[in-house]
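Presented below are the structures under discussion, each in the form of structure tokens.
One chain, chain A, appears in both complexes that follow, with chain B as partner in the first and chain C in the second.
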Partner chain A sequence: MIRGVIIMNDQGKPRLIRFYEFQLIFGCCWSILIRGLRLACGEAAGAGSKHLQNRAENVSNFVKVDSLFGPSYDHQLAGCAACVQNFCNIYFVFIFDNSENELAMLDLMQVFVETLDKCFSNVCELDIVFNFNKVHTILDEIILGGQVLETSSSDVVMAVEDISKLEKNSNSIIPSIPGWQGR
Partner chain B sequence: MGSQGGFGQSKEFLDLIKSIGECRSKAEEDRIVLREIETLKTRLSSPNTPKFKLKEYLIRLLYVEMLGHDASFGYIHAVKMTHDENLLLKRTGYLAVTLFLNEDHDLIILIVNTIQKDLKSDNYLVVCAALNAVCRLINEETIPAVLPQVVELLGHQKEAVRKKAVMALHRFYQRAPGSVSHLISNFRKRLCDNDPGVMGAALCPLFDLITIDADAYKDLVVSFVNILKQVAERRLPKSYDYHQMPAPFIQIKLLKILALLGSGDKKASEQMYTIVGDIMRKCDSTSNIGNAILYECICCVSSLHPNPKLLEAAADAISKFLKSDSHNLRYLGIDALSRLIKISPEIAEQHQLAVIDCLEFEYLFVCSFSCYKASMSLNLAFPYMISISDNHYKTEIASRCVELAEQFAPSNQWFIQAMNKVFEHAGDLVNAKVAHNLMRLIAEGFGEDDDAADTQLRSSAVESYLQIMGEPKLPSAFLQVICWVLGEYGTADGKYSASYITGKLCDVAEAHLADDTVKAYAITALMKIYSFEIAAGRAVDVLPECQSLIEEMLASHSTDLQQRAYELQAILNLDAHAVEKIMPMDSTCDDIEIDKSLSFLNGYVQQAVENGAQPYIPESERSGMSNISNFKSQEDHESSTHALRFEAYELPKPVLSQNVPPILASSTELVPVPEPLYVADILQPATSAPSGSDAGPSELRLRLDGVQRKWGKPTYSSATPSTSSNDTVKIQNEATQRDSVGISNSKTRDVSYDSRKQQVEISPEKQKLAASLFGVVSKSDGRQPSSSQKISKHQNPTSDKSRAAKTAAPDTAAVKTSQPPPDLLDLSEPSVSSSAPSVDPFKQWKAFLI
Partner chain C sequence: MISICYSPLYLFELLLSEFVSGLTPYEKKKYVWKMLYIYMLGYDVDFGHMEAVSLISAPKYPEKQVGYIVTSCLLNENHDFLRLAINTVRNDIIGRNETFQCLALTLVGNIGGREFAESLAPDVQKLLISSSCRPLVRKKAALCLLRLYRKNPDVVNVDGWSDRMAQLLDERDLGVLTSSMSLLVALVSNNHEAYWSCLPKCVKILERLARNQDVPQEYTYYGIPSPWLQVKTMRALQYFPTVEDPNTRRSLFEVLQRILMGTDVVKNVNKNNASHAVLFEALALVMHLDAEKEMMSQCVALLGKFIAVREPNIRYLGLENMTRMLMVTDVQDIIKRHQAQIITSLKDPDISIRRRALDLLYGMCDVSNAKDIVEELLQYLSSADFAMREELSLKAAILAEKFAPDLSWYVDVILQLIDKAGDFVSDDIWFRVVQFVTNNEDLQSYAALKAREYLDKPAIHETMVKVSAYILGEYSHLLARRPGCSPKEIFHIIHEKLPTVSTSTIPILLSTYAKILMHNQPPDQELQKQILAIFNKYESCIDAEIQQRAVEYHALSMKGAALMDILAEMPKFPERQSSLIKKAEESEADTAEQSAIKLRAQQHTSNALVLTDQRPANGTPPVSQLGLVKVPSMTNTDQSTAEQELPHLNGALTVVDPQPPSTPSPDLLGDLLGPLAIEGPSGTAPQSDLGVASGLDGGVVAGALAIAPVEEQTNTVQPIGDIAERFHALCMKDSGVLYEDPYIQIGIKAEWRAHHGRVVLFLGNKNTAPLFSVQALILPPSHLKMELSLVPETIPPRAQVQCPLEVVNLKPSRDVAVLDFLYKFGTHVVNVRLRLPAVLNKFLQPITVSPDEFFPQWRSLSGPPLKLQEVVRGVRPMPLAEMANLFNSLHLMVCPGLDPNANNLVASTTFYSESTRAMLCLIRIETDPADRTQLRMTVASGDPTLTFELKEFIKEQLVFIPVPPRAPAPAPTPVPPQALPPTSPPTAISDPGALLAGLL
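The block that comes next holds the complex of A and B.
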């Protein structure tokens, strides 16, 4: 199953965190996570740079995450791998265990990004920051309880549009927030 | 970005995100976030806040929590929002609770009712939102509350709802298999659902179920194969295509299931060959997803009953992967190769070069090296390991190499060579356990009853270490292994003389003056060699450099080293018979039995009691009289609240009884025994045995009395003056107390008891002064007890040799097993450093030594 999804920018700031097996307890291991992801992104450990550099040329997208999240999560994530991919300055990280196919995860990420792109018409980091409730909605349509639910981005877009239409209708009593539906 | 205005969020949120984005340090970010938390706290709890504003605040709160701050004060507002009629607010509320709460949170109980209501809603989107929340939040206790509704939804007309209901059931199954065991047939039914999406969803729980018990689902093989066939033949609606592949995720899941069902089952496998072969042929290897399916096919083939045709196809596919430019594909190629190699090893030969190429690209590849002969893979890995400077990677690779070597070593010599290499280049990074394993391996041989082979292994190890040890800058862990092996087996085959080996050991110790552990290993090794020599009846000539080393150690600041040096000196003065008992040749693997009940003293005690000594009163009876001691009251507590005891307290004892064997016993350095209780148990035989003799150890006893008087609760009959609460002190008291029962000379004890009482009543000012002086005192203090011991040790053997031989066995047992420095002599040391005594110990020592 998929254990978690993380979206972060190139400075290591989290934009979306979703874990399916357990709650990542706030603050406790954030720095370890960032360090681990930096490593994952091919950056030499201990490099002083604040920015995640572009992934080194000579590494694949997959990393073992056994020890990325600090001791309190090691047993829960034992045997898991992460798939890291960056689009522009946003890094997408999927964490999954050995019952998933690595390349398929890469494609699932592609589906997710495509869907975001369709929903926000050319998605950028700010879209994700300001509408992360919508991003969560999209993610919920793709992954439910750690299992892949839907892989057709057009279907996801349709479902999300249905939701937003309905929300808009019930929303009309509150005129002051147009919401993200307008986009 | 011109679009900020269109998001419907207020300017405040915009400013927050902007300022966080611009801040330069974590501290600055924290300040901003804390301010935001304060604002949100007041706004959220104010009753006048309009609902739609509340939604935005909640989202801001989510944002704050995502940045790693505590937002628990707002959880209740999220829960309240799920009750709202407005769909937008309700969904926001659900989103917030799924992100905030974990399944065991107290607030869940407040949501269950809402979820129940929403699951019955007419609006399927509300139902979906509720199902999402169900997946995340419902725990074992609350499953029964929502289970009927979820099961009902399996027949919902909307496929999206059915899909999510299947997922929810799957989740329930993961959480608490027992609660839904009667519903498992539903998953099979959903396999025949009209909608492929629902069918795909049903594959997830089935995969889990089949992983646990494949046999119960063998009847489904035909259906799975049929479904896969239909999918591969594009019978599904176009909307399931992804990059021109028909429903790839369903295909992958099905292939995984087939792999499980077909493994080790020829009949089932035969049904699958055609379809798997078809898919492999049809796969479009230009797209990522096509390769994903191809990879899954290879995995499937490797776990099915072998079929030559399919294996050939798989090998072809692997070679394509390995030759690819994409790193991802190479990675998967190697992974697939390592799977396939188990079935047909010859494939490895073809792809050697490709794998070597890959090695340069990523360290992770090393993990897949098990597909090659260990020797070859390590030969590849070592240069690579040496070439990298990053410690993280290096550690990773070193541990992989060790793993590989342990699994695939072609011969013992090879293994030792390989380990030498690993230690040489990454010795400080490998786990200490690896070093211990290596020592154990050399000591135990390889389990076969072939002594000649073991001996040969050992001498080759000794030889290789003698060569290596001259090199500068060897890692500490490696030196420890070297010292240990040389000590145990350096002179075993007679090839090298004792003086040669001891000279080498001295060199090591002198070259690493800063490393106490290495020095300790070296000096213990010296001790072993000398005692082997003595036991063999040869004259021991201690080299001048060894002599000076020992002298140096005698004055060392490390009590451990000091202890070892004194032991060595004591052994040098014993006769061959005693030494042979203390340090038997090649006895590292022998079990040492410790007579915990000290039954060999029974006769002696009996005699003492007959002569008028007070009988021993067990701890439990005594504790009624004096409950001042923390240790005792703690013990009382333990025994009275027996039900509450945790496992952890129990642990040390099994260690004692079972674990004395090989390594543990072989040398004192190997396994740390941090449990004070354990030490105390061991101490007992050691301290009481010598004190059992009449004349010789009078000094020893005297010293122990001193200790007792210093901190301890003196005897069971007296009021306890001690104020110390340190555990080690207590334990030590216990030991001395128990052994004092064995001492027949009760008169002297009474005398000393009186004087003790007087000394105890020292004014508080004096105590303070003593405490302040203590830092200075403790240094000389640490040395003195051992010097007194030294005298007694010297005297013992000469005065009573047979006794020494008799007590030698338990003595060595204690020396060998008790860990860190067997505190037989330096009982005072730990307490000196850890607790302030109530009286000036220096004075007391003086009083006793004079």
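The block that comes next holds the complex of A and C.
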């Protein structure tokens, strides 16, 4: 299952965090994780590359979480791997255990990024900071309880748009759902 | 929303003050969002949960949404506040509003608590199969159910779901299909038997996707039809042991062949990722299905290609999958062909790939290539990243130990390791090398020489000082004739290092000096003076350990000849499993979901983990090694400490140690440093005595072993008495015999207090020969926490060993714990599975209730699920008095006079478990004097599970199950003991996965 999703900016500040198996870990463990991921991101990014496609050619997107903590550190993510991508100075991290296919995780991350891109038309860090309720909603449409819910970004966009409409005309007590067609 | 420059502390204060004053729903919503934001920044937000939860019941959509999202982020399943929301969530789920349904399902799916499972699982199931729901709701319901099921498999009832799953797989909508497939994976991984009907459907789906038939545009990802669903489907297929139907098999292999052949590396990164995701999953599936050899070698060839491609992700996964492949099939030889390429990957620019390469090298290492690989690793050590060095040195040390072609090479490797990466060499590693040197006389002068050479280097690591000082102290006298190795010269070269070392090393150096002094024959006055001066100096050291040693050695050195005895060479260390290897095994921890490959790998006896003592002997004599046991005798008077020297087939003599075979590393330190200072060689004396005493006995046994005919290997050892009967008897009483056969008797004695229990297993060897390779494993059901203390590997002749077992009852359940017991006698390997009598009634304590207490309780527990009634038929006919006796022996206190009808029985008891604590249970039995075979039973308690389990338990006791000689007993059935061929290597018994595999 997918254990967690993290979005960070290029300084390693978390911009969205979602864990599915346990609640957020704090303190030392947390800072090690973030620092490790930051390092990993730095490597994945290569030197000053701006776009996903331009990332350093010869570096993979995968990191074993165990290696971030060192061999003897006891943490809740034992045996998990993380895949890391950067996109317009935002870093996306998915943490998942060995029941998931690594490359499929990368695909899913691409779906997530594409969806964000469609919803915010060229997503940037500020979009995520100021609309983080919306980002949460999008994420909830893609991943549920650590499992993949939907892989078609157009479906997700449709669902999210319907929800935003509801939010806007929240005057009616029980909102009607006119365009709410699953597909 | 929040300006980023707010300090979080300021925000805390702000929010706290806001929560105190009343809030409008809008403000509430705003602040709850801020709370989530602070939480996300890494601060523990332990306030305002109430506000978040209360927003769930808000009527307006935006507030409700905020409530749901924040609650699912902030709270976990054990949070008390969640109870407040259950009703609202349920109303939303069964309500008509699909938006609300979605929100509620998302919350439940993300949190998945037990209480949610209990109250919502049926509703979620209904949503999933309802045809009137839109796909959007149904796919969420599928994942929600999956989460509830995975977290609480006992609460969510999935009986009869195979048909429904099969229906769900006919779904055309790919979104729903993806979610259903995830659900199927979870169900199948738990019990594949029930879902055979889904297998052909999975293959159909795979065909549909691979041929790109009827796949809507939005599910085509960079030209590939839903890679996600393809991957999930193949994952599901890996949980079925095999595909039997030839037609299905053929079409599956067609699809797989198509995937394997038709995937190429292309320019577009995303397309590449997607197509290779499918390809790697297909590889895993082929490995699982053990396809024709042709396809298998095709797979390895593909992987070999991958580890050399440009695309780093594929290189990474190529290495990773090769590592997995190592565990599964016998393709090691083909993989070895790629060794050069893998070694090149150690220099890959990506650290993740370097790590994978290291793992793969570690996994593929065996006797034939150990030398190459370890030397390669040593060479790599000086250029490796600092982050990897610790792991690298640990792995090199383990490999060197496991596969050393000869022991001097092992010593070389470890000394090189310490030299090159002293900071990263843990104490365990140098303890181990000292242990080996001590136990192997041939090695001692070689090691001493090597240590002497390293001391000549200008700057050496402190660990190297420790090892060399220790080894030279013990064995430098073996070198005395060589140039530069006189006691004096050795002393000087070691003493040079003293100013540079830390306080932890000084005690070792002092011991070394004392030993040099002892070997200083004929006495060299000058050297003696120097050493005594050093002792003198440290007698006032602030460090207690150093001071003690200095004082003692000083005093001892005055004793003259007595010094020789006290400071004689260290006795051999008891052979034990390397703490390094143990550590390595432990670190291979399992994750929540057992991957199919791993599960299978554990069925194969993997040769990746070779036990230390199976080192191939080529040239060097095998290390004297054998299990060591102290037998804690049951009755201390007649069986005083039965330490025995045990003969081994290879004739090596053994050491008996008062400690269990595997001791954690801290003791190792004690072993190394402790006796040196105080005890001296006294430990050896009693051993030699015993050796003489038991020599005769041992000789006989060894002879018997050698003569034992080979055919006997397949014979079965018959148990004495009926195992099932013994078990049932033990359910009623607390001590007795659990199992007996011609060689061994297993007795049991138990004490129960509330939800704790202490069971002592008595393993008695009935023969005049020892029992070897004794292994006992507890397979506890989910409701019991059981901890078995160490079981010695060998039970000496006519000895009895006690093994205490701690039991904690977590929740009511009728499941029974199983003891998996294995031993070797001569050529027999006997393996039995025995049910342990840690049954429900052991956690009951009889209690008398007066009518004043009984009736209010009885009335307050009204109706199901707290009070259950059932008419039981087929009861074993017995008079009422006998039934009352039965009840009393089950710890159900019969309270006479409560029921006016003389044909009825009323009983009461208290049940203890960690989840329910003490819980009063009331039972009423109404019998029919005309027909003794049926009765009506009513059971009531404050916990629905308890009521149900107790009712079923009593029913089992009342209903007479005729036990014909070979009747199928209720699961888990004790497996009749069977003799396994003794060649089968012992399974990695510490591995829970292996257990699981053994059970399947």
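One rule holds in what follows: the second predicted complex is superposed on the first by the 137 of 183 C-alpha atoms of A that agree within 3 Å, B and C clash if a C-alpha of one lies under 4 Å from a C-alpha of the other, contacts with A are read in each partner's own complex, and residues count from 1 in each chain.
By our rule, a residue touches a chain if its C-beta (ideal position, glycine included) is under 8 Å from a C-beta of that chain, and two chains touch if they have at least 3 such contacts.
Quick caveat: nothing in here was measured; it's all calculated off a predicted structure.
*Asks:* For A:87, decide between first (touching chain B), second (touching chain C), both and neither.
*Replies:* After superposition on chain A, A:87 lies in contact with neither partner.
*Asks:* For A:147, select first, second, both or neither according to whether it touches chain B, chain C, the two together, or no partner.
*Replies:* both
*Asks:* Return first, second, both or neither, reflecting whether A:124 touches chain B, chain C, both chains, or no partner chain.
*Replies:* A:124 contacts chain B only, not chain C.
*Asks:* Taking the superposition on A as described, I'd like to know which of chain B and chain C A:79 touches: first, second, both or neither.
*Replies:* second
*Asks:* On the A-aligned overlay, A:98 touches which partner chain: chain B = first, chain C = second, or both, or neither?
*Replies:* second
*Asks:* Take the contacts of chain A with chain B and those with chain C, and give the residues found in both.
*Replies:* Looking at chain A, the two contact sets intersect at 1, 13-18, 20, 22-23, 26, 30, 58-64, 99, 101-104, 106-108, 110-111, 129-130, 132-133, 136-137, 140, 144-145, 147-152, 154-155, 159, 162-163, 166-167, 170, 173-174, 177, 180, 182-183.
*Asks:* Could you please specify the touching residues of chain A with respect to chain B in the complex?
*Replies:* The touching residues are 1, 13-18, 20, 22-23, 26-27, 30, 39, 44-46, 58-64, 99, 101-104, 106-108, 110-111, 124, 126-127, 129-133, 136-137, 140, 144-145, 147-152, 154-155, 159, 162-163, 166-167, 170-171, 173-174, 176-180, 182-183.
*Asks:* State the interface residues of chain A toward chain C in the complex, per the touch definition above.
*Replies:* Going through chain A, the ones touching chain C are 1, 13-18, 20-24, 26, 30-31, 34, 40, 43, 52-53, 57-64, 67, 70-71, 78-80, 97-99, 101-104, 106-108, 110-111, 129-130, 132-133, 136-137, 140, 144-155, 159, 162-163, 166-167, 170, 173-175, 177, 180-183.
*Asks:* Enumerate the contact residues on chain B facing chain A in the complex.
*Replies:* 1, 3-4, 6-9, 13-14, 17, 20-21, 51-52, 55-56, 59, 62-63, 65-71, 85-88, 91-92, 95, 99, 101-102, 123, 125, 131-132, 135-136, 160, 163-164, 167-168, 170-171, 197, 201, 204, 207, 211, 239-240, 242-243, 247-249, 252, 256, 288-289, 291-292, 295-296, 327-328, 330-332, 360-362, 364, 390-392
*Asks:* Provide the residue numbers of chain C that touch chain A in the complex, in ascending order.
*Replies:* Against chain A, chain C makes touches at 1, 4, 33, 36-37, 39-44, 59-62, 65-66, 69, 73-76, 97-99, 105-106, 109-110, 112, 134-137, 139-140, 143-144, 146-147, 173-175, 178-179, 182, 185, 216, 218-219, 221, 226-229, 231-232, 235, 269-270, 273-274, 276-277, 280-281, 310, 312-313, 315-317, 320, 348-353, 355, 387, 390-391, 394, 587, 589-593, 595, 598.
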